[in-house]
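Each remark here refers to the structure printed beneath this line.
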């Protein structure tokens, strides 16, 4: 059941695609929300009975996306919120992380090593980033669910990810 | 939470991470590893009891490696050898298993960044 | 008219969406291909009569995507190709850059400042990254075309991007 | 292609970029800026004749700023003041207009990173 989040780009996704949201949660964009969001999603992933490999990848991707909203979205203004939406869409698990901050902007002065976006793209089967200056960023990660024709070996390949 | 004095193993200080570490609590880890680099001839980061690390932790591990290298200190990471270990999995996904110097399982003083 | 590129994820896009590709070009993944691809696309953008702001953004996004394929995709193996596809889909300009290399992988040892992916996301209205370990990376940037209802001010906002 | 000796403006060396610069030819630019940092008390990078720069060039500009800072050298970037100038537009998009020290239009020796 969809829990409405007003003025959210979530609405578009869920309405257009006519899906049941597993979870919509809103957190303040503060560091403590990073582990909270991860623990919260872990509960939902366990309910879904997903395999460990996938759970690890979703937890990492979600953590990176929420941490980015906390670290980068509200640099120049008042801190706002970060919202997380998780749902199963026919053959995929979709995780959306959204903020209403600056929109994606490079921060070459940052202390990060810039591993967050590549990691989100490594762990997921598809990474989408939409944003608008001063209207926030929406990160959408899609994970193929195993046991579906053709998608099976994508996950297999990823599990066997090389050591260099 | 961090012990005032990290246990030291031979000449290397062991920095042990337990549980989940991410953007929220990684500044603590950064402080511990920096203190260890300042106060000893080498650092072993023991991740065998850690259950989650994110890119902020990975960044600290990579920076500490570079710093140890620069100062001629030994540096090694101990990771649970189980393929299903979530932290090992994260290091694999991030490509760091081939970059970070791994210590012998959970104990060794493998000096992958030995002083010259 | 679609110029077939065998074994390409391009095919899926163009067939599924039944659109006319403006240009499909394949370059070797070498540094010289970066300015070549940019100059090539510039010709097509001029034909389309796009405004300067949009041309600047497309040129930058394309350059970053091609440079990433050159710099990162074939690190551990034989150098391959990078393909560029540009087309106008009803109300958007779509730029796809694809390689058949490692798939997206973080490289924390790199010399880059990690500005490429955030820049691609800043210049475009939507950035999508798909990849599979050892089967390459597909980067898709979507640019709203101005003069269309509702999308107009997206571009406007971006033009006025703040100086900090 | 790069002049053996960059023109110098007072005590600062001017490194001028013309045309398009990206991943392909930026190593050349990096070499020029490094030579300028080594051989003078300051550097002015003149981008007024440049028509395109990518993130590899932006990365070099940021790194050189840090290096000049560290060494106590002056450092400034000259950019075409026209809002429609493509290089100015790229600096805006990248958020660097607010980070890099801008010189007065095309000539000045604005010492935004002056020695202390």
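Should a chain be cited, it is by its letter among A, B, C and D, assigned in written order, with residues numbered from 1 in that chain.
The rule is simple: a contact is a pair of C-beta atoms (placed from the backbone, for glycine too) under 8 Å apart; a residue touches a chain by one contact, two chains touch by 3 or more.
Not measured: the values here are computed from a predicted model.
> So which one's got more C-beta contacts, A-B or B-C?
Comparing A-B with B-C, the pair joined by more C-beta contacts is A-B.
> Calculate how many whole Å lie between the centre of chain B and the centre of chain C, each centre taken as the average of the chain's C-alpha atoms.
Centre separation, chain B to chain C: 37 Å.
> Centre to centre, by mean C-alpha position, how many angstrom separate chain A and chain B?
The separation of the two C-alpha centroids amounts to 27 Å.
> Distance-wise, how many Å sit between the C-alpha centres of chain A and chain C, to the nearest whole number?
The separation of the two C-alpha centroids amounts to 23 Å.
> In chain B, what residues contact two or more other chains?
In chain B, the residues touching two or more other chains are 55, 58-59, 62, 94-95, 99.
> Specify, in ascending order, the residues of chain C that touch 2 or more different other chains.
105-108, 112-113, 115, 119, 122, 158, 161-162, 164
> So what shape is it, when you link every pair of chains that touch: line, ring, star, complete or other?
other
> Following the definition at the start, I'd like every touching pair of chains, please.
A-B, A-C, A-D, B-C, C-D
> Within the complex, which stretch of chain D touches chain C?
Those residues of chain D that touch chain C are 20, 22-25, 52, 54-56, 58-59, 62-63, 84, 86, 89-90, 92-95, 97-99.
> Hey, which residues of chain D end up touching chain A in the complex?
Those in contact with chain A are residues 55, 58-59, 62, 94-96, 99.
> Considering only the defined contacts, which chain A positions touch chain D in the complex?
Per the stated touch rule, the residues are 105-109.
> Which residues of chain C touch chain A once you look at their complex with the stated criterion?
Interface residues on the chain C side: 76, 103-108, 112-115, 117-119, 121-122, 125-135, 137, 154, 157-158, 160-162, 164.
> In their complex, what parts of chain C are in touch with chain D?
31-32, 34-35, 38, 52-53, 56-57, 59-60, 63-64, 67, 70-71, 111-113, 115-116, 119, 122-123, 158, 161-164
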